[in-house]
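The structures come next, written out as structure tokens.
After this come two complexes, each holding subunit A, first together with subunit B and then together with subunit C.
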Partner chain A sequence: MDEASGMHYWRAVMAVAKRWLTTYIRYPTWVISVLLWPVLFPFGYVFSMRALAGPTGEALSSFAQLAGTTDYVTFLVTGTTFWMWFNIMLWGLGGSFRMEQLRGTLESNWLAPLPKTFLAVGVFLAEALMGLVQLSMSMLTIALVYGVRLAGSPWALLSLILISIPSIYGTGLIFASLVLVAKEINGLIFFVRGLITVFCGVTYPIAVLPGWMQSVSRVLPLSHSVSAVRAVLAGGGFGTIAGQLRYLAVSGAVLMALGFLAYAIIQRRMLHAGTLGQH
Partner chain B sequence: MLKGWPQHLRALGAIFRKDLQVFMSYPVNAVMRILEPLMWMTPVYFMARSFAVDGVNIGLRAYTGTTDYVAFFVLGAAISSYVSAVFWGMGFALKNEMDTGVLESNWLTPAPLLVQMLGRSLFSLFLTTVNMLMIGCCVWLLFGFEFTGRVLPALLTVAPLLVALYGFGLGLAGVVLITNNANNIIDLVSNNITILSGAHFPVTVLPRPLLAISLALPLTYAYDAVRGQLLGTTTLMPIAMAQAILVAFMFVTVTAGLIVFGRIQDRCRQMGTLAHH
Partner chain C sequence: MSRAMVEVEELRKEFPRRGKSRQDPPVVAVAGVSFEIPQGEIFGLLGPNGAGKTTTIKMISTLLKPTSGSVRVAGKDAIRYPIQALRHLGTVLSGERSIYWKLTGRENLEYFAALYGLPARVARQRINALLDRFALTKRADENVERYSTGMRQRICLAKALLAEPDVLMLDEPTAGLDPQSARNLRDLIREVKSEGRTVLLTTHYMEEADQLCDRVAIFDHGQIIALNSPGALKHDLDDLNVLEADIARWDDAWGAALQERGAVNYDLRFDETARVHRLTVHLNGHLTTGEAVTELVNLGADIRQFSLKSPSLEDVFIRLTGKSLRE
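And now, the complex of A and B:
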């Protein structure tokens, strides 16, 4: 790509990102997903845990043995906040190409004389930006409503969030490409987020799982993000989460590369098969 | 003009067949209808295990009289899935038709709008029933649970609730027409009403202000009465009283839903905003 085409490419990327953000803000109910959902989503789990703990906390000792804390509220809302970040990414980035397919604009956009990755990069940038805004707002609201406090290093927390981005959005790009082939998003989202809910220790300590499920859990980057955030909130710093940071950096690079590769493969396949406009 | 029930039934049948055809065209979706609830049940099972003392949920027993959290949750999930089926079946179907540009043309057909709205939820209800039966069997095999009471009286308890939900679903569909956005609104309303009504936990664990809201929601008494009938849990009030509340709720919501949807529909027609999305 020469300099002029490079400029055209980035202009197209920014146009996609701008269009995505404009559409997102166009529907005023986006506020709900940013401000209300992070507070409301854990609600059912918090009170289920309270019921399971018993009126005098008679069952809390069992939970503490597995989770290392009796503060089940902080344990839970940390898991659900990251789960929601992942979920919002799946619907946004994961559904972006599918939405264009449904609205009949995917074919015309792909006719632009640019490398077809401009769509993926544009949506990724907009989604990552909005995702970070949502995550920040979510953390603020759960701190206010559930009284979650950061006892550890804020810089470790920030680094952890930033280093989680490639693994989360890399998964999203792979997912978005698969959605184009399957031509169905709801079922796939339910499946992926279901796996995350089961294996990443969102609502319970991973130690309660059978051995084989714990092995699966250790492979998933989000398990590392969630456990590291819990460690930092409990007072940890860079030293406490060094292992998780390394794992997230490597898995993030691999997943981002796989994401763009999947997009390129699916794009070629659909152009050859002529199925781009079908839905 | 379509007049009389035979034509209305034909329209309902056509909408049902259309939805069935769409559903069967996306096999991934069909498979996920079974897998997804199991994926939601699995964390619940492990969450309950993480609080179990010597394998028994003594904390739950102190609140409800039962130690079987899986059965407690399954019953809540079954009722919630019908709430969700009616809400999504109506509101989300409207949004889908807006997005694909067929809402206006559908409204131009002689089939009354109410019949169209009812039709949109029929397949959803059918699917939910089949789904619940299959998932109930899977959860029973995987995690195990036991109902100690009789099923038929419990079904009669929830029957008026189902009719009442249609009234609520109509009002919600009206809101979707105004805001042009379905996901957030339906998710917010459907999820939080069910949770606040005790779909996942006994409402007695709620702090007083939330308990007051919960006790004002008729859905709370549906969860409570059905669990009382099938699991023998301690109920908030005598079951006959809860049943009377549900019947009254049915008349109120159906009337209110019809009024709200009718007014919003007229407004959309006057403003010409039906095709906006």
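And now, the complex of A and C:
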């Protein structure tokens, strides 16, 4: 790649990201997903936990023993916040590709004289940025509404969040590629959502799962993100979450590579089947 | 002869039949077509629905991989080196959905300019010039969703011209436009030609192909059944008289009788608004127009009006395929 095409690709990536963000905020529903949903979503879990715990939390001892804390509000809202982030991405990347496929803009993007991977990189950057905004909104809400405080190192928390991005968006890219071939993958998305809900300890400590389910849980990057966030909120630092950080770095690299590979394969397929646009 | 900007050889595309087993024969969308377009020519692909025009354009524009055959754009192998070929191509696909409705006209052009690798300063100048030329400057900062169909089509055309391509390809450029906008767009296309660019367009309006194109390839069932200038194509029908008649009621036996008497061909279509059958009869020396009309009247046809036409590309198509272009 010479310097001129390097500049070209960089400009293209930035233009895609900018276009994505501009169109995103011009559909008014963005307010709901960025500002309202993060606030409302955890309430359901918090109240059902309150009902189970009893007015003074007398029924919490088993939870405390397994989770290592009686602060179920913090426990729940951190879990659900990450779950939500993951979820938005799972729909987001694929959804935006699919929408462009239906609208016909995917084809006009493909007419540009550049390797099409750069288009995905641009969308990825924009999605990641918007995801971080949503996550910050959730965390702000958590702090203000639920009174959750960060006891541990803010830098560890920030690093953890950044290092979680590749796993999450790598999975998103694989999904986006599937969406483009299968056109309808709601079923698959619900399946993965369910899997994540059950295995990643979003609303309960993983220790309540049977042994084999715990092994599955340990493979999924999101379980590591969730458990590490909880550890940092409870006062941990880099040392406490070193294992999770390492795992997330490796799984992130693997999932991103798989994501871009899936995208490349699907792109070839679409060029043969003529499904870049609607037929 | 000037150099060929588009060279298509034995181009073929098969699609697997959807939802059927693998043994079923595939759909042959394009069945091996060849043509060359010299620089500065407006070349038209004319044919009925499903003839394979869009499939051909998509293969040239690298959006679709051919099953076999070759495509060169400005000498570059478009199948092996799509990115190099794309540098010479500006393409407008059918429909107005190839731009972002939530962006303004100017934002759309800025976006695609960046995808095409234009430096910001060059892009700004070209965008201003194109907006001006296409009479869009006043509305340039409004979202495209508020544009008329004609304006959107012009933005799409501006988008395709941003990178000053050698070849401009347009799939059904005037579909869905009112007559005035369609005329405007045809003028713009002629202007593009006058800048020395090569234009490839598809259409199923024969008048459009006739007026606009230097040469026309008539497509049917994925094949080119005739290729020449509109004048030459019609000239081949020189011996032909075309009778057009509006008839209240039609009986297929009458058609057979006409052919028996020596009519070359006939075609029938129902005009919904006038509620009459519009009959087109091709005649050569064997049966005169007068004889044909008399014959019809004798058979009991209620002829509301009739006229003689000079042959059009439609007649060329009817002559070649035995059916009308517009189904």
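Convention: the second predicted complex is superposed on the first by the 271 of 279 C-alpha atoms of A that agree within 3 Å, B and C clash if a C-alpha of one lies under 4 Å from a C-alpha of the other, contacts with A are read in each partner's own complex, and residues count from 1 in each chain.
Everything below uses one rule, namely that a residue touches a chain if its C-beta (ideal position, glycine included) is under 8 Å from a C-beta of that chain, and two chains touch if they have at least 3 such contacts.
Nothing here was measured: the structure is a model prediction, and the numbers come from that model.
K.L.:
For A:F124 in the superposed arrangement: first (subunit B), second (subunit C), both or neither?
P.N.:
neither
K.L.:
May I ask you to decide whether A:Y204 touches subunit B, subunit C, both, or neither, giving the answer as first, second, both or neither?
P.N.:
Only subunit B; A:Y204 stays clear of subunit C.
K.L.:
I'd like to know which partner A:F191 touches here: subunit B for first, subunit C for second, both or neither.
P.N.:
A:F191: touches subunit B, not subunit C.
K.L.:
Mind working out whether A:Y27 is in touch with subunit B, subunit C, both or neither, as first, second, both or neither?
P.N.:
Both partners.
K.L.:
Looking at A:S48 after the superposition, I want to know if it touches subunit B, subunit C, both of them or none. Which is it: first, second, both, neither?
P.N.:
It touches subunit B, and subunit C stays clear.
K.L.:
With both complexes superposed on chain A, which partner does A:A182 reach: first (subunit B), second (subunit C), both or neither?
P.N.:
In the superposed model, A:A182 contacts subunit B only, not subunit C.
K.L.:
By the touch definition at the top of the document, which applies to A:S62: first (subunit B), second (subunit C), both, or neither?
P.N.:
In the superposed model, A:S62 contacts subunit B only, not subunit C.
K.L.:
Per the contact definition in the header, classify A:R19: touching subunit B only (first), subunit C only (second), both, or neither.
P.N.:
second
K.L.:
After lining up the shared chain so the two structures overlap, which partner does A:L36 touch, if you call subunit B first and subunit C second: first, second, both or neither?
P.N.:
first
K.L.:
Can you pull the subunit A residues that subunit B and subunit C both touch?
P.N.:
Residues common to the subunit A contacts of subunit C and of subunit B are 27, 103, listed in rising order.
K.L.:
Sort out for me which residues of subunit A touch subunit C in the complex.
P.N.:
Touch list, subunit A to subunit C: 4-5, 7-8, 11-12, 14-16, 18-19, 22-23, 26-27, 103-105, 107-115, 271-274, 276-277.
K.L.:
List the residues on subunit C that touch subunit A in their complex, please.
P.N.:
13, 15, 55, 58, 61-65, 83-84, 86-87, 89, 91, 93, 95, 97-100, 102-103, 107, 110-112, 114-117, 119-120, 143, 159, 163
K.L.:
Which residues of subunit A touch subunit B in the complex?
P.N.:
Residues in contact with subunit B: 27-30, 32-33, 36-37, 40, 43-45, 47-63, 66-67, 91, 102-103, 182-184, 186-188, 190-191, 194-195, 197-198, 202-205, 208-209.
K.L.:
So in the complex, which bits of subunit B are touching subunit A?
P.N.:
So the residues of subunit B in touch with subunit A come to 26, 28-33, 35-36, 39-40, 42-44, 46-53, 57-60, 62-64, 69, 99-100, 179-181, 183-185, 187-188, 191-192, 195-196, 199-202, 205-206.
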